[in-house]
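Next up, some structures in structure tokens.
First subunit A sits with subunit B, and in the next complex the same chain sits with subunit C.
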Partner chain A sequence: MVSFFILVPFLCVLLLNLPWGNLARRLALWVGLGLTAGQAAVSACALAGWIDLRAIPVSPFFKYDLALDTLSIVLLLCSALVFGVALLLSRPLVSQGEQRFNFVCLLLLMLAGTNAVALVRDVFSLYVFIEAVSIVSFILISFNKDQDAFEGAFKYIVLSSMATVLMVLSISLLVLVAGTTSFDGVRAAVAASRHAGVVLGAIGLFLCGLFIKGGLMPFHGWLPDAYTCALNPVSVCLAGIGTKAVGVYTLIRLAYFVFGIDAAVSQAFLLVGAFSIVAGSLAALNQTDYKRLLAYSSISQVGYIILGLGAGTGLGLAAAAFHFFNHAVFKTLLFVNAGALEQKTGLRDMRKLGGLSARMPLTGFSSLIGALSAAGVPPLSGFWSKLLIIIALIGAGYHGYALVAVLASVLTLAYMLAWQRNIFFGPLAAGLENIEEAGWEISGSALLLAVILIGVGIAFPLYLCKLIW
Partner chain B sequence: MQANLVINVIILMALIGAGLWAIMTRSLIRSAIALALTSSVLTMVMFRFNSWLAAVFELSVCAGLISVVFISTISLTEPLSPQEVLKHMRDRLARFAFLPILILVVGFALSLLKVSYNLPLPPAALEQDARNVLWYGRELDLLGQVIILISGVFGVIILFRQMRRRS
Partner chain C sequence: MNSTLLLLPILIPLAAAVIVLGIRRFSTAAGAVALIFTALNLAVTLRLFGQEAYFTGGSAGFGIDFILRLYHFNSLILAAVAFFGFLIALYCQRFLKEKAYAGRFYVYMLASIFCVNGAVLSDNLILFLFFWEGLLITLYTMIALGRAEAYKTAIKAFIIVGVSDLCLMAGLGLTAAIAGTTTLSQIHLALTPASCAACILLIIGAIAKSGSAPFHTWIPDAAVDAPLPFMAFMPASLEKLLGIYFLIRITLDMFAVVPHSSISTLLMSVGAVTIIVAVMMALIQKDYKRLLAYHAVSQVGYMVLGIGTALPIGILGGIFHMLNNSLYKAGLFLTAGAVERQAATTDLARLGGLRRNMPVTCVCFLVTACAISGVPPFNGFFSKELVYAAALERGRIFYLAAVTGSLFTALSFLKLGHAVFFGALPQERQAAKEAPASMLLPMIVIASLCVVLGLGNKSAVEQILAPILSAGAVGHSGGHGMLVLITVAVLVIAVLSHLRQAKIQGGGLKAAAYIYQAPILATIFRWAQRRFFDPYYVVAKILRAGAWILYGCDRLVNWFSDGAVVGVARISGSVIRKAHDGNYATYVAWVLAGTALVVILFITRG
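Here is the complex of A and B:
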């Protein structure tokens, strides 16, 4: 059953490309939406423990060496949510016909790749699917086919290729040591020769490659341009899940379950995480382009995930996974709002906007929820994951880093309030009198994501009480 | 033993020469040809290390297919004027002139370190049949490769076919 997460989107692309005439073009979007809705429902049920996906039998022909745990299910759920929203956004934002059809096919291929990243248990297979997701990302970033989009895609290709070289080199060294590429084999070999130069070199190279893919500072050069220049549904995919799956999820998976976290790796994570949080926040504060602000905010929020990981404890891992989910939801929500603003006003400069909550109340409300959740304001879900990260850091004895996390939250609140004030509050800016609320696809997606942020935020303490008592 | 060493040194020198030619030549076409030559020499290295399957892939994909893709792409671009070529050449020399010295210094420093890896290395799995490895050991990777290829096809359709139609 688990292999269906990869095979079904892939087979859907093949089926849609059979000679059905215009039928495939008309159906493609709805097939994609059905698929993501199904995946979201199945992974939510699996996360709640209502179904056991591993127990459902499948033909050996479709059986691959895959595994499923809670962390994989979190990624499957996030992927389904983000890709579903991006598909819905493509209805008003990508022109109908061949362009939208190609867009849907690419998103389904990216979904198959992301799902595979969540499920594989082999370092080389992981690399193959990371590359599959990256290649779809290059094409999607340049989908607009203007100068900026090509520049953004080119930067991503160049830096991503460097990450690829580092990862391939690391895998070669790991094969040399372990003689296999399976997670179990590599884990055993790394544990047996932990302090050997080759092993340390291999771990360092792989982690550097993943830092580049995840857009962490100081490896972030490609990220702001790629997020800003791409079409809005593409920005949603990249910011919500694309770079998080290939960079951050893989980092969590390998660091915790394959390489193991020792003091050196932990220190590296803490340093890179803290630097990303602070530098990302300070860079976001200086932006006037709201999509660029969100891009730098993304770097900062990923820093929190890495900081939680750096705590090196079970609570740190749980907090990192929870913030991964929250970040996927609130960053998708904020990019959906950015899409609504760009579609309706045609502007990206915050200095030319203002007072839009009067004209776009749903967008203004959902944006406020997303911004407050990103800043870690209670009772929204972002508050709980940040709180858990700080508790994990204090529990592990990293009081200084916990203080950095708390203080950086104030910076996050500052740039998020600047975003909200400059765009939605105050008097209506000149020339925006005739602006109307975005269509149901955009507003509906934004409201759904806002409800998730509020719902998870309210339900989480109850769940925590149930766990404790 | 001595003859083998001499052959290895000659092949490695050829590899470096072809690589340098690819980087330093002014013509993009010649650069693509030099890259194909680099891959061909690398194929020889792989054959000498008994990695026949890797050598066949290197020769067919890197030296063959990728050269065709490069030359097709170059044919779609407009050539630079001789002045622009000269300017780029000078810029490149000024920017990267330190690289050979850096490599020599790092290589010398590493040779002084005398790193002992001290690892129980597993034997190379030469006896395994490539067909078995691909179809029964790496079938998931094949699926990944197919996804990458199909994505590439969509990329070509989106970036080239629609642009051509528009022009």
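Here is the complex of A and C:
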């Protein structure tokens, strides 16, 4: 049953590519939307406790062990949400016909990949699906077929291949020690010989590989270019969920459920997280290209998630998972806004923009919600997850890192307000007098995401009870 | 007697104030209404004079009861307030005729009478506080009516009186807590440490209201800034009457202050210091109204000194002096108003020889000046003699202070009279004419009352004032021959000194200069002129210094947060931005370096 999450999108892609003629082209987008809507509904219900996916017996499928817990459901929900929005955005932003059909197919493949990442319980299978998602990402980034897009994709390929080397090396070392690649086997072996150099090296290399995938500083070189050069629907799904599923979710999964958090892992997470937060925010502060600003903001926010993980406690895990969800929502929202801006103005330089709230009220409002949520302003949902991260750090005794997290949130506020003020507030910039609000697909999804941010922020206590297990 | 009559002294001024508020734009009509209602108020208070009554209205719970009590003492105060209210209203008819603020002045004046009557009549601490604080508002608004800069003085007065009223409020709360009741006439406390604190807090409120040092510094400023009728009305009469009335209630009824208690000594010291400090400042003033204002402060010293002795004769002297002072001080301010209106200035250097142009004003001035200087047989002489006798009984030093005060008072009034009404008439004042009748009448009434109270002092003290003291039997000590002799000698010295110095200096204005130019005194006076002794000014200076320090801290923090932090963020941000050169080899190098660091971390920590 659980394997449907992987099989259905995959089969859909196969079916759509049978020679149906024009019918498939026309249907593709709606099939994709239906799929993501269904997945979102199922996983939301599961998260709310109305249906219990875990009660459904898990069966072996192509030798992959699949399993499902709340963390997996969070990822399933996020990917359904983000891919749904990206599909919706492709209607106005990707030209009709062949290109949009390919786009939908690739997105469905990526959905199958991220769902598999959420569900597998085997180190090697995990690696395979990470690569699957990454390869789809390469194609999607270069979808535009221009110089910038190829350059961005190429950087991603180069650094990803390094990640591949590191992960494969690590997996081979783990097989050497454990004799198996299943999570349970690896966990037992690692626990048995914790201090062996081989085990430590294997863990360190795997984490480094995932740091590259997740775009943490200083492993992030590919990320700003890739996010910025890609088409906006691609940026949405990469920033919202793509790199987070392969780089961040996997970190959470492996660190907590396979390797276990010890002093070294915790230290690595704290260092990399704090560095990403501070350096990412500082870099975002100085950008003039709003998509690049969002890209660096993404690095900084992932830093928060990793910092929460570094606390090494149950609360830290819950906080990281909550921030993972929030980040997926508000970063998707902000990239949707960026898509609206680029579609309507054709500009990416914030210095040429200004006062657009007057012309694009829905975009301006939803962007404000997203920006404030990212900056952690109460009562929006971003505030609660950052608060939990800081509480977790203090509870674990990392007062210095908690202070960094608090102070860096000021930087976050600074660059998010710079974004909001330069683009939406103040007097209308010259040449923007005839700008109109983006179409219903874009502004509708932006509003939906803003409502989620507000609603989750207000209904947080209930949510927290469900999240801590 | 119908006890609801007690409501009239409160309701009449209130109704008048409301009516005048409605017609304040028509200053003549407003003035007429104010005059009629103050006359009505005077008639009612004269009807109530000497009676005893008790009125109980509703209760608001928490000890807030609407209880009014009329008895011998406060009926006297009521009548005096009504009398001055009527005279000032009469005086204002012409004085305020051309002033734009006339209508508002009448509103505030009537509201003040309403508050004073309410405070004097109320027999409940909370009710009393309500009316008492109301006076603070009218005080502020009346000063602010004056010239453009007057609001600063108004704020000063508001803060000084407001702070002391806070003490009073705390004192009232403490008193009510100790006594277990809020009914004024049921409070009779012995002096324990706690009740002593309450007593001192109440005394601070009372003497600040009456304008004693060190709470007096707004009065000389207000003399210059505020409308003149305000000076004759509030600091000279109403506030003295109310403040001293309450001081006597504190020391006589609410707390058993006995001679030789510490509170008694404290009060006497405050009184003696007030007499000397204020009168010395009066000596050097070169403005008619400012000089009078310092005397208004100095005279409070005699009352506080007399009441502070806690001897029946001293208290009697204090009350008598309160009445006398209200009379002659109001009279003096009214003559100042007449001179201001007719001669267009109150600067002593530009006045002189007005006795021919304004003979009636001059005579009124002479009578009231003699009264304040304590010349027999005017009223001030007799009340001062009572205070002297009581002060001498408590200590020579207090007596000495009081007599020195008298000497300087006489000197400064010789100087004032000489500078304004005698000597040569300056060229530009030739056209000055006598004031109109409606302004002269109040002055004449007051001056004649000074004479009447002086001549009939024995019956006034025995029949009107003595019943206030429950002790009753007070031997009137007119017979202190020795004291009278000293007083007369002091006056003679003052006159001789003035004549001699006026001849040497060639004018009345500088006749007292030899005192304030004496070696040590000159320095003290210079400091005083620069307001070093003004608590308000000193505190304001300290606060300003504190504000500057805080401002500096704020700038520093601001520089740090807005300059340093932002600068560091900008610079490091641009460094990071420059580091992203778009070359994938750089990024690969970063990844390798990061991986190396993580592996090293794992090996060392693992």
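In this section, the second predicted complex is superposed on the first by the 449 of 469 C-alpha atoms of A that agree within 3 Å, B and C clash if a C-alpha of one lies under 4 Å from a C-alpha of the other, contacts with A are read in each partner's own complex, and residues count from 1 in each chain.
Please note the rule applied: a residue touches a chain if its C-beta (ideal position, glycine included) is under 8 Å from a C-beta of that chain, and two chains touch if they have at least 3 such contacts.
The structure presented is a predicted model; accordingly, all values stated were derived computationally and were not measured.
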{"item": "First, second, both or neither for A:225, with subunit B first and subunit C second", "value": "second"}
{"item": "Which superposed partner A:212 touches (first subunit B, second subunit C, both, neither)", "value": "second"}
{"item": "Touching partner for A:197 - first (subunit B), second (subunit C), both, neither", "value": "both"}
{"item": "Touched partner set for A:283, first subunit B, second subunit C, both or neither", "value": "second"}
{"item": "Touching partner for A:178 - first (subunit B), second (subunit C), both, neither", "value": "first"}
{"item": "Partner chain(s) touched by A:159 [first = subunit B, second = subunit C, both, neither]", "value": "second"}
{"item": "Which superposed partner A:263 touches (first subunit B, second subunit C, both, neither)", "value": "second"}
{"item": "First, second, both or neither for A:411, with subunit B first and subunit C second", "value": "second"}
{"item": "Footprint overlap on subunit A, comparing subunit B with subunit C", "value": "197"}
{"item": "Subunit A - residues contacting subunit B, complex", "value": "6-7, 10, 13, 64-66, 98-99, 102, 105-106, 109, 112-113, 116, 120, 122, 124-125, 128-129, 131-132, 135-136, 138-139, 142-143, 145, 176-179, 193, 196-198"}
{"item": "List of subunit A residues in touch with subunit C within their complex", "value": "151, 154-155, 158-159, 162, 166, 194-195, 197, 200-201, 203-205, 207-208, 211-212, 218-222, 224-225, 262-264, 267-268, 271-272, 279, 282-283, 285-287, 411, 414"}
{"item": "Partner subunit A, residues of subunit B touching it in the complex", "value": "115, 117-123, 125, 138-141, 143-148, 150-152, 154-155, 157-159, 162-163"}
{"item": "Interfacial residue positions of subunit C with respect to subunit A in the complex", "value": "569-570, 572-574, 576-577, 580, 582, 584, 586-588, 590-595, 598-599, 601-603, 605-606"}
